[in-house]
Amino acid sequence: MYETEVIRLKEDIELKNPILIVGLPGVGHVGKLVAEHLIEELESEKIIEIYSPHFPPQVIVNDDNTIRLVNNEIHLCKLEDRDILILVGDHQSSSTDGHYELCGIYLDIAESMQVNQIYTLGGFPTGQLNYKDEVICAVNNSSMVDELKESGVVFKKGEPGGGIVGASGLILGLSHFRNIDAACLMGKTSGYIVDPKSSQSLLKILSALFNFEVDLGPLEERAKEMEKIVAKLMEKEQQKVMQEDDLTYIG
Amino acid sequence: MYETEVIRLKEDIELKNPILIVGLPGVGHVGKLVAEHLIEELESEKIIEIYSPHFPPQVIVNDDNTIRLVNNEIHLCKLEDRDILILVGDHQSSSTDGHYELCGIYLDIAESMQVNQIYTLGGFPTGQLNYKDEVICAVNNSSMVDELKESGVVFKKGEPGGGIVGASGLILGLSHFRNIDAACLMGKTSGYIVDPKSSQSLLKILSALFNFEVDLGPLEERAKEMEKIVAKLMEKEQQKVMQEDDLTYIG
Amino acid sequence: MYETEVIRLKEDIELKNPILIVGLPGVGHVGKLVAEHLIEELESEKIIEIYSPHFPPQVIVNDDNTIRLVNNEIHLCKLEDRDILILVGDHQSSSTDGHYELCGIYLDIAESMQVNQIYTLGGFPTGQLNYKDEVICAVNNSSMVDELKESGVVFKKGEPGGGIVGASGLILGLSHFRNIDAACLMGKTSGYIVDPKSSQSLLKILSALFNFEVDLGPLEERAKEMEKIVAKLMEKEQQKVMQEDDLTYIG
Amino acid sequence: MYETEVIRLKEDIELKNPILIVGLPGVGHVGKLVAEHLIEELESEKIIEIYSPHFPPQVIVNDDNTIRLVNNEIHLCKLEDRDILILVGDHQSSSTDGHYELCGIYLDIAESMQVNQIYTLGGFPTGQLNYKDEVICAVNNSSMVDELKESGVVFKKGEPGGGIVGASGLILGLSHFRNIDAACLMGKTSGYIVDPKSSQSLLKILSALFNFEVDLGPLEERAKEMEKIVAKLMEKEQQKVMQEDDLTYIG
């Protein structure tokens, strides 16, 4: 395996009005949590595995001590009125040019399956433990904006200011050259911890957009655990600020 | 897009005595500011887009939340007596060998368009907040020196001593093998901040060289804002020096 | 030598029921020590040398001031009932994609020699100077578990939690696609020092699995030296903890 | 220039009993200083330039503000009884695999010119400001040792212990596969500064080996300047040690 390899687990798949949702690891693992939750809660089937020398040389160890090589995978969820392809994975590319190659391969697959819309999911780091919970968005075709606004996405002029780095952004940029509409949905998150709460916000947008229902229970539980951790972090930060205040008296 | 891709937006361009000006991001963003200012102030048209896996996997978000993939671009300004090609961009190559590939491609384009002179623009970091405002220069053909001196460029023996790193230098070096005269104009700058004032100095040289006029107003405004920031930095530094003086009494 | 090169020192090798043991440098050099000990103690012969631009540009200096280029090597030990191939080396790949290329080459060799089982050896870092001495394991085929348990390997649910990084893990993952059973045996070790004691534990497992005997004496001696170093480290750590306790009284 | 390029400035060169001396930048710039000194002091001519995307994207600025792209070069010195090829350069490869490619190219050139011995020059870092001034050595063929000892080289068992990293070592290692005898001569040096004194020691060895004379004057001058710097460094270090002694009374 010296080259990226795409293993199709199922031949002759016929899809109905398919879209692609991309949830790879990134800020707060927000997108990955959403994608994994969808795969678990909706009826789904793994149809493609992608292995690549652009991923770290690493295996994941399962509960029964068997292993699997790190990869990206595409799962298929068949909803009533459309099919949803979900791209998840253990890692993004380790190298800059690997990002371009892998995202190119993902779009080759999407094109071959007549995908006409792509939604990449991610977290937007606010850098603060306290922030307004919302989902922001960038698109590669302005015609997508109205529908996204209706489903609850917040559009602010020029946000995110620093652009979008990684697969989530690159897929948007490369989709443009293939005439595939694509949007990047970003749940606000502190950027310091895994954030299932932000994932919930993203899931609500997707449910509204594609008219499906999923149980948010498991994410809610994880979100509560994380809230406790955040509360402790904030407490510590507060103490630190107070100590620094003390120091300014001395210095 | 696994390879660098050159997209020509216009076919059959006929150029009059063309030169190429290169203003890519670098020290103080001095060159980039100049190139962008020229594109805005002179009548210009984008004729080429270059995308590459050597650029970071990133999209820029526009004010209306649409995106575009990071790239380098060539714009055409038609002056009375000559045509000016201007190379601008979001990034330089992320990798060493990518620099060689991209600069080679830029020179392929320049050659195909019969460019006979190249001016790469950059900032020269003095490492100090206080320095004499001047534009220094290195050339790949000593026959260029006299004209440059007349237009206000300062030549000092062996400057810049550390050589020139990045696209600005590499284009000069590679142009030599293609028999294209090339000069690198460097506006002195602290190296700590974006420096529109240094860009103004560069613009004045270019105006003199190529006999055009541009409104420096917008750059002047940005320069004034930056001056305030520099003033604050210098104040802080001054205080720091004083505190360190204090400390030496104690230690 | 611009490409990885495999130099076969012996043609037409016929092997009896061969397995491959991999002991490349890694955590605590546990695997490397085991492999080198086996080569020294069992009757063995070097049959393959692998050189690669993915290894650092470095030569090793022998006692007589002659040098040899860093490499990986395969040695052959002929036991009564089976042949053991042992892969050892100075370095693992310096780059991510080099790992995939090299491990692919190792498996090409293994396949061409009809190897039907692979054992990669490594250390599992506990991050502590004091821990229970045991060998844990991950496999690419659950049918291997029972025999490994009988030989003394400890299986714990989902261990090691962080997966396995480097050649030891990658060979396991890639073997799966070639239908070769493979296990990664990891001796627990602090992760701070070269650990011949952990290597002894691994050797005992291998002796039980493959029914051979080796003199553990040389490793025992090195283990004793290391124990003295660990004892000193623990003493220092203890003192540090006490000093920190002191500090909390002051702060 | 997307690939490494070898530019031969002179065709049909006939050489008499040629050897290759390699003095690329490295520890204390010891080897580079020697090679440059030989080129300057002996009658010599540049015959080959090597440019490569494995070198940094950088130009060197000459005193007259013209530039040249960073490269490696081979110069030819015609002595009475033999010809000496000298490889010098601004940089070694920026990447691991680039080292292998470039050293392979150097050996292609050496082979094509019937070079039968290679001497790579470098500094051996002692890590101390005070050390015995000597030249140590590693060889790829033990038959070279006696002659080297006679010329003043010191051989110590297994030195240098950490092996030899970079072009100096790699050329030795790769020469072995081409049946070219090669030795790496290393002048001891602190490792902290450019060291013309260590270069003098190397030059004396080379003069003895190849029976030529060069004026050491220019190197001696630079060595004296450096000695003053070292003296200051040692003074500072002394003071630091004393201060630390003070501190231990307090802590």
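The chains carry the letters A, B, C and D, assigned in the order they are written, with residues numbered from 1 in each.
The criterion applied here is as follows: contacts are C-beta pairs under 8 Å (C-beta built on N, C-alpha and C of every residue); 3 or more make two chains touch, one makes a residue touch a chain.
Quick caveat, the model's predicted, so the values are computed rather than measured.
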Count of contact steps on the shortest path from chain B to chain C: 2
Chain whose average C-alpha position is farthest from chain C's own: B
Fraction-based call for chain D against chain C, same above half, different below: different
Interchain centroid distance [CA atoms averaged], chain B/chain D, Å: 37
Geometric centre distance via CA averages, chain D-chain A, whole Å: 52
Chain B residues counted as touching two or more neighbouring chains: none
Interchain contacts (touch definition) - all pairs: A-B, A-C, B-D, C-D
Touch list for chain A against partner chain B, complex: 93, 96-97, 99-101, 103-104, 137-142, 145, 155-161, 163-167, 169-170, 172-174, 176-177, 184
Interface residues, chain C side, partner chain D - complex: 1-2, 53-70, 94-95, 98
